[in-house]
Every structure is written in structure tokens, then in C-alpha cells.
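Every chain is named by a letter (A, B, C and D) in the order it is written, and numbering of its residues begins at 1.
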Amino acid sequence: MVELGTNRWGKSGVRLSKLIRGPDHDDFLDLEFQVLLAGDVEPAYLEGDNSAVLPTDTTRNTIYALAQDKLTEDLESFATVLCDHMVAKVGIESADVRIRQRRWHREGRTGFTGGGSERRLARVQGDAAGIRENWAGIEGLVVLKTGGSAFVGFPRDEFTVLPEAEDRVLSTSINAQWVYTDLPANTTSTWESVRDVMLQHFFDDWSASVQHQGWLMARAVLDAVPEIAEISFELPNQHHLPFDLARFGLSDEHTVFHPVSEPYGDIRFTVTR
Amino acid sequence: MVELGTNRWGKSGVRLSKLIRGPDHDDFLDLEFQVLLAGDVEPAYLEGDNSAVLPTDTTRNTIYALAQDKLTEDLESFATVLCDHMVAKVGIESADVRIRQRRWHREGRTGFTGGGSERRLARVQGDAAGIRENWAGIEGLVVLKTGGSAFVGFPRDEFTVLPEAEDRVLSTSINAQWVYTDLPANTTSTWESVRDVMLQHFFDDWSASVQHQGWLMARAVLDAVPEIAEISFELPNQHHLPFDLARFGLSDEHTVFHPVSEPYGDIRFTVTR
Amino acid sequence: MVELGTNRWGKSGVRLSKLIRGPDHDDFLDLEFQVLLAGDVEPAYLEGDNSAVLPTDTTRNTIYALAQDKLTEDLESFATVLCDHMVAKVGIESADVRIRQRRWHREGRTGFTGGGSERRLARVQGDAAGIRENWAGIEGLVVLKTGGSAFVGFPRDEFTVLPEAEDRVLSTSINAQWVYTDLPANTTSTWESVRDVMLQHFFDDWSASVQHQGWLMARAVLDAVPEIAEISFELPNQHHLPFDLARFGLSDEHTVFHPVSEPYGDIRFTVTR
Amino acid sequence: MVELGTNRWGKSGVRLSKLIRGPDHDDFLDLEFQVLLAGDVEPAYLEGDNSAVLPTDTTRNTIYALAQDKLTEDLESFATVLCDHMVAKVGIESADVRIRQRRWHREGRTGFTGGGSERRLARVQGDAAGIRENWAGIEGLVVLKTGGSAFVGFPRDEFTVLPEAEDRVLSTSINAQWVYTDLPANTTSTWESVRDVMLQHFFDDWSASVQHQGWLMARAVLDAVPEIAEISFELPNQHHLPFDLARFGLSDEHTVFHPVSEPYGDIRFTVTR
């Protein structure tokens, strides 16, 4: 006897941009949506009865249709609009709305430069009973520093050949998500503050490891933004490996490195109040 | 007052290949590893004390070092070897070992063709107390059918324009993971059986939706392999959209489509016993 | 005084699929088009006068519109249809049509598996005076062999540390393009023959280098297909590097490798009659 | 009778980073190299004789070995060093050296942010007779503007449905390469000037098409930098398509768009003196 467990359906990879004309300059939002629903759709699985399966194409259309009037820079607010709209439907029990923003840098009144890997994330999970959980995040914020990072004092076993490093190049792509107990009054400026605090503590704080660096960043974010209950990080260690020049008879000054995209050190942690 | 929550560290994206010479033909394993550890490393975060932080470089070296003697086609067995090795260390409480295999198709005694998106996944999660959880999976198995798929009878709202389809092109990339109550005697042939059952029921069973198709596949897998306790699927609906030719004054025979990589219908579910 | 030189415009990345119903089984073509045009559009550049600039959106629509009646498995034939259509327009002097086919493997009457990196390429370049140049190609055909490949006898300088290898793992992604003096009667079966000959000579012929292996493949293709005037290869050497286990005190059996995606040996050559 | 035509060999995808300590702040260069050689290696192809085939691994090592002393921000200068080194070898007739720089933005004394798609390109082609051709370029500079772009007055045929647009969102990824008659005294500041001029004329100049916009940019670059003989552009039109809201009974304000990565308008041209 087999049975259906948890299940969700919706649309992912929905790209949408919106032009907001202003008196002094235009704004331009460049977003990607994922909306996943849960509800009573067991008959769809077991019997092929689609009477409760809102088409994923409808979910996509809904995003565009509501965006014209409701979408602003306050992404959490629009995610809530979408969540509310979805869970108000008969048979939809919960909705999980994620918005990722590609960032454009303003260049004058109507111009922008882009192309960066960094994304702002806004996420609202909600149900038909009115519960709402508000998340935000940063993805792909690539940083590097040439000083203020060490890695020494680690345990050694038969397969350890890594030399101790009192001063090394440290690079990572910051990926962090946090949950708000209460939504801040201005989600965009709060997000900017979180980003500023992260960068400041990555660049200015000496660290003994990726873990230590991450802790310093996380603690500072929680100190700075009281509405954040908890924050999780994924910090890939994007290695710039020493390239051994001594084997060519050269004196190795340790200034030339071999950056590799794989493998990478994979550091993940959560910090709570 | 902030405090450290759950945390893990290790190495991801470790690529390793192994040549196994045989009397009649060679075998060639092409793998990617991820090994994440948990343990008592709070001092590393709070104080920069690395005395318990096994370097991720050591984790990487361990994979290569153990592979020479222990790695065979039975990936779950080698994942267990790695897991056992890691949790035997002082201070390591648990290990999560994932192995992804790129598949090569044999061409004669020493030749192979490759380049496909499909991956076999083996995963062992274990702790220092001796608990082991054994997972397996398939990722990126791309399938399409030109018959035996419908989507009708769904609810319509103000944003629904999708026409009902009695007969449509259905394509997805099968991603599935399952957990074994007991490891099968031959994990490789069991994996092949799961794959065969999935394909058979995708190609042969008429379905009313991706959900219905997925249920038929999942149920058949659970019927065929008693060692599987539970299976989860992620089935992106890779749309081949009709391209409207009528606006050019042509009679539209509905044979020409526009495949899109985004957005995609996103169907996720678990089936249990 | 600056002036406009060579220039082209058109549409790239046009994905199109076509379903061809058959009595015994269906066929499914999954294609990507690039159509670049040249013509007298200097006023568009210098003066912003678009009267000769066929919109790239029109080029895209043309591909879909003509595909319903004219597109078959004979890709070169359809590329010629597109080329003829374009250069017949006032102001269009030449057209360069490329079609890349994603290959699906038939599974029964209506089923297919896909997901491979391999592509079939068809290309027709033509002009308003009636000249047509017919190209075909293979891209992303990934192959590997565990025997029959050496690399010895190369020159050594102060930066050479590569050991000689009498027997090594050799892997590449075959990328080849060839030009036909006359189009073969059946372009699809000819393409299949070229592919078979390449694979046979990669797997069966002992080689002293990627260059030597490529020569043997190219020569065999030219021997087998008299309509081919010239063939060019790009053969990235996808290295499986030895992973040094001796530094861990292990006896190294040279069966464990570290595959890397970058850097890669980059071998390019043309063979003519 | 078949024979070997043009051929080259070398290493691609060689990633190298270099740390340059400074009194006030550090510099960090993050580069990717491609070095292709030509020479008399016909015996390698026809007979498997490698006596003239400099291993691609040696080419890679050479890049790292010379970088320690010779590599600075003046990429063209280091490309020349590599080219000179290679063509000085017996049997090497010419070398083609390309360097792509990932750009990092300085953040304080030792910090940097990165992750952008933009690359600086430097290229030197040279031969054993002493001829050197110096190229530079920009790749992946993503720009967008919400005003100052139109596309009207184009020809219409039976497959044209594109509406005329007096004011549209225009976005592209600037890819340009240019050749220097003489190397400027400071290749880095010249490169920055070219970039500034391109951006200024993209953002400030009204254009009637991508072609027109490109011409204005190219002409301005040639006006600003006398050492540039010729410049070529590839400007993909990265469409933000209107999403039709009228079909949902909404009044469509034309502020909501659907960005697509494929297909794209493909505009390519060269401007010379």
C-alpha cells in the first residue's frame, strides 16, 4: 500500500521586469519568481482528476497581472500580495513565494549597468489560516580579501598536507537567508543595511577561518537589525591555490595563484538569538 | 545574545575518476563527491580556535586516498566507507556523503561515449553512534513523449488562458531520490531496475498531468523494489509551447512548437509506503 | 573619417521543435537556429534609417512559418529553403543559416530520451547571385578511451615537468565541421556515416597524440565520403590528471585520477584533399 | 590524397591570479589565458612524431612561471612577453596570446567585490619574424536604458507582426574588440577611456536601432583614441518583451515586461578609419 506524501506545484523561473517612470530618473526592476502551492490535489495524483490543480500557467499570468498595479521596490510586500491572492483560492492551503532580483546600477537618468551575480531574495510563506513567514536573503555576493585571513592550528591526520597559513587570500560568494520576526518598515533599506554590515565585517574583521569570518558577519547583522530572528549562511571557499614555482628552479614569492572553481570548501551554518 | 545553531563543513565539487582494468573490457567510473561533516566546532566560530576543524583539503585527499583500494561500482558501499572513516575521528559527530556519477556508455573493449546530463546519485548519512541512512537517486534523466499525455478539467480563473489539451507533447527531466530501509544486495542492478521502471511507466502509461504521470512512476518503483521506503520526485515540466501560425494567415496544424527553458512548471512530491 | 565595414544582423538562439506523426512511430525534431543577413543597411548605421532593416523578429517568425510545411530531418534542405527565402528579398545580399539539432533517442512508438551534449549542425551560406555553400558538423560528441593512446617523445624545456605516457586515458569532445562540394543524396545518413567513422577511428586506432588521433579520424572521414572537400576539428583534451597518492605513503597504482574542466589542451586543425 | 591544412595547438582556460602588495593598498589580478601556437608539426599528425610538439602543459607552466616577475596590470605587455617567449623556440612559427581579466572593485586597502560578467581582453598575435598585432577588447558589459531608443520605419512582409516602437527598453551586452596601430603608452588607462566613451554614448545618444546605437559608440571610440585602427562589435539585443495584459481585461500600461535570454537579436559590425 503506497500513499501520497507532501507535494507542491507551481511555476519556477518566471522572469519579469518593470519600468517605473520617475520625475528625476526611472527605476527598473528585474526579477525572477518562483511560486509553489500546496492544497488538496490527491485526486490529481491518484485518479488524474485535475479539478483542484490550478494550472502553473495561471500562476505565471497572475504574477504579471498583479505586478502592474502592486509591484514596487518593496519585494516582500509584493510577495505578500501574491501569497494572499493564492491562498484565498478554494483548495489552496499554502503558498511559498520567492522573488530574486538582479541588481542594476543606476547610470544617469535612464541608464543602468548590470551583469553581476548578486541577487536580492525576498520570500513569503503563508497559509490559508493567515500565518505569514517573511524571509529575505542575498545570493552570489562575491568578495575577496588579500589580508586579514589565516588558517592555522587545525588537526592533522595521515591525509593532511595543507600547510598552515598565517596570511592568505580569502574569497567567497556570500549566500545568506534570514527570517524576520516582524517585517521592517522599509524592507529595501533594511536589506541594504544587512549587506553593508556583511561587507564591513568581511573586509575589516581579521578571521581565523571561513567559519570565524562568517560568525563575525552573522553576529554583526543580528546586532544591527533587531527584526531578524535568525540567519543562515552558505560560504563556499573559492580557493586561489598556490602554484608551485620552485620545481622550475625559481624562488617562489607566493604571489602567483591558481584559482579553481571546483572543488570548494563548503561552510554552512545558522546563527540565532 | 546570539548563538551558533546547526552547522556543517566539508568539500563539494570533488571530481574523481577511476580506471578498473578487466580481462575482457575496462570499466571507468567518473564521479563527483560532496562530503559534509558536523561536530563540536563552536570554538572555531566564536574564538577562531581550529583545533577541531578537519581541513576540507584533508577531506578531499581522503576521498582520493581511499578510492584506490575501496571504490567500486557499488557507490553506496564506498559512501559508507567514507562515512565510517569520517565519523571515527575524534570530534566528528556525523557525516553526509553524496556521490554523483556521470554515466559513460561502453563502446568496445576500452572505449566510451559520454556527455549526457543524467547522473546516478548515492548518499549515506551517518553518525558516530553507528546510525546509517542510505539514499540513492537519479538526476537529469531527460524524457519526452509525443502521445499519451493530456491536461484537461483544471479550474479556471480570471488569469487562466491555457487551452485544454487532450493530447500534448510532455517532456521533463526526471529527478528522484529514495531511501532504502535495507541496502539491496546489488545496489547497481537495483538502481538500473528503478531507472527501467521509471522509463517504462513514463513511456507506456497514459497520464492526465505531470502529477498523475509521476504518481504512476513512483507507485511502480515502490512495487518493484521492496527495499525502498519512500521516494521523492522533482519533475520540471519542460514546455514545448505551440507557436501561433494563424496570425500569418497560415492554417495551423499544431506541429511546430517553441521549446522554452524558463519558466517551467515545477512539480514536487513524495510517495511513501 | 570613419566608415562602416562588414556587418550582419539576424536572430540567434531560436529554438523550434516539430512533431512528425508516423504510421509506426513519431519523429521529433528539436532544433536551434541562427540566421544572419547582410545587405545594404549603411543608412541604418549612419542615419538611423531602418527602411532596409528586416526586423530580427520577422526572421524568427519566418523560421516557424516555413517549418510547418518544409522542415524535415534533411536539415540542409530546410537551411537552403530559409537561405533562398531571405536572399530573394530586396536589399538582402546574403544569408548565413545555421541549424543545431539536439538529438533524442527513440524509445518505442512515441517516447524519447535526451539530455546529451551532442549536436548535429547544418549550415548553408548563400547570396542573391545564387551561390550556395553547404556545411555540416558535429559538436559536443564526448568520447573517452582507456587504452590505445600515448604521448611521448615531445621536446622538453625549463618549464616542462610532464612525464612521458606510453598508455594514458584520452578524452575529448569532438567538434568538427566540413564543407560539401556537392550535397549528398541523403544528408542525414551521410552525417551518420561521418559520425560512425569518427567513432570507429577514435576507439580503434592507436594514437601518439590528440593531433595524431585527429588526423586518423579526419583522413578516414575524407576517404569514406567523397562529397566532403575539407574538414576542420577542434579537439579539447579533457584531462584526467593523475592524483599523487605517494605523498600519503600509499603505493600509487595510477588508477585514480582528477578530471578537470579547465585548463584544457586545445588542438585545432583542418584536413583537405 | 588528403593533406594537413592550417593547425594550432596550446592551452585554453588557464586561470591565474596575482597579488601585488602596495604601500597603500593591494592590487589583485584575476585572469584567464589562452595561448595557441603554430609551427612545423606535420610529422605529429601524419606519423605520430612529437619531437616538435611543445606540450600544452609546458605552455601552461610558462604562463605561471613568467607571471611572477613580468605580469602587471599592463596586460598587453605581458601578452607580448608570452608571445616573444614562445616564438623564440625552435619550430614555433607564431603564437596567439589572449588574456581575459575578471574585474574586481576595490573596497578599502585589501578588500574587493567581484562577480560581474564584464571582462577586459588583451591579445597579441606574433610570429618568429617579429611581427606583432595588438588587440584589446571588452566582453559582457551589460547595459540597459529606459529612454532614448526607438525602432520604427522598418520593412514589413507577410511574417512581420512587430509593432513600431518610438520609445522602448534597450538592453545589450557590449562585446567589442579593436586593433591598435601602435600600442598606447598606458594600455590600462586607454582601455578605461574606451569603456567610458562606449557607456557615455550608449546612455546619452538617442538611437533608432541597435545598429545606429552601435555606430555612435564605435565612431566616438575611434574619435577618442587615435591608436585604434578598427573596432568590431557584437551587440545581442537582450529583449524585454511586452507581456500582454489586455487579454485578462486589464488596461495595459506597458510597464510590465518579459525578459528572455533566447532568442536574441544578433547585431555584428566593424567600423574602420
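One rule holds in what follows: contacts are C-beta pairs under 8 Å (C-beta built on N, C-alpha and C of every residue); 3 or more make two chains touch, one makes a residue touch a chain.
In this text the structure is predicted, and so the values were computed from the model without any measurement.
*Asks:* Enumerate, in label order, the chains that touch chain A and chain D alike.
*Replies:* For chain A paired with chain D, the chains in contact with each are B, C, in label order.
*Asks:* Validating interface symmetry: for the copies chain C and chain D, is the fraction of residue numbers used by both over half? Same or different.
*Replies:* same
*Asks:* Count the touching C-beta pairs: is B-C or B-D ahead?
*Replies:* B-C
*Asks:* Using mean CA coordinates as chain centres, what's the gap between chain B and chain D in Å?
*Replies:* Here the centre of chain D sits 37 Å away from the centre of chain B.
*Asks:* Could you grab the centroid distance between chain C and chain D? Build each centroid from C-alpha atoms only and quote it in angstrom.
*Replies:* 23
*Asks:* Find the geometric centre of each of chain B and chain C from their Cα atoms only, then give the gap between the two centres in Å, rounded to an integer.
*Replies:* 30
*Asks:* Would you mind listing the residues of chain D that make contact with two or more other chains?
*Replies:* 15, 61, 65, 159, 161, 248, 261-262
*Asks:* List the residues on chain C that touch chain B in their complex, please.
*Replies:* 15-21, 26, 28, 30, 61, 64-65, 67-68, 71, 104, 107-118, 140-148, 169, 171, 173, 199, 202-204, 240, 243, 245, 248, 250, 252-253, 255-260
*Asks:* Mind listing the chain B positions that touch chain D in their complex?
*Replies:* 158-159, 161, 247-249, 261-262
*Asks:* Would you tell me which residues of chain A are touching chain B in their complex?
*Replies:* 1-15, 34, 36, 41, 44-58, 60-62, 65, 89, 91, 151-157, 159-162, 207-212, 214-215, 218-219, 222-223, 230, 232, 236-237, 261-273
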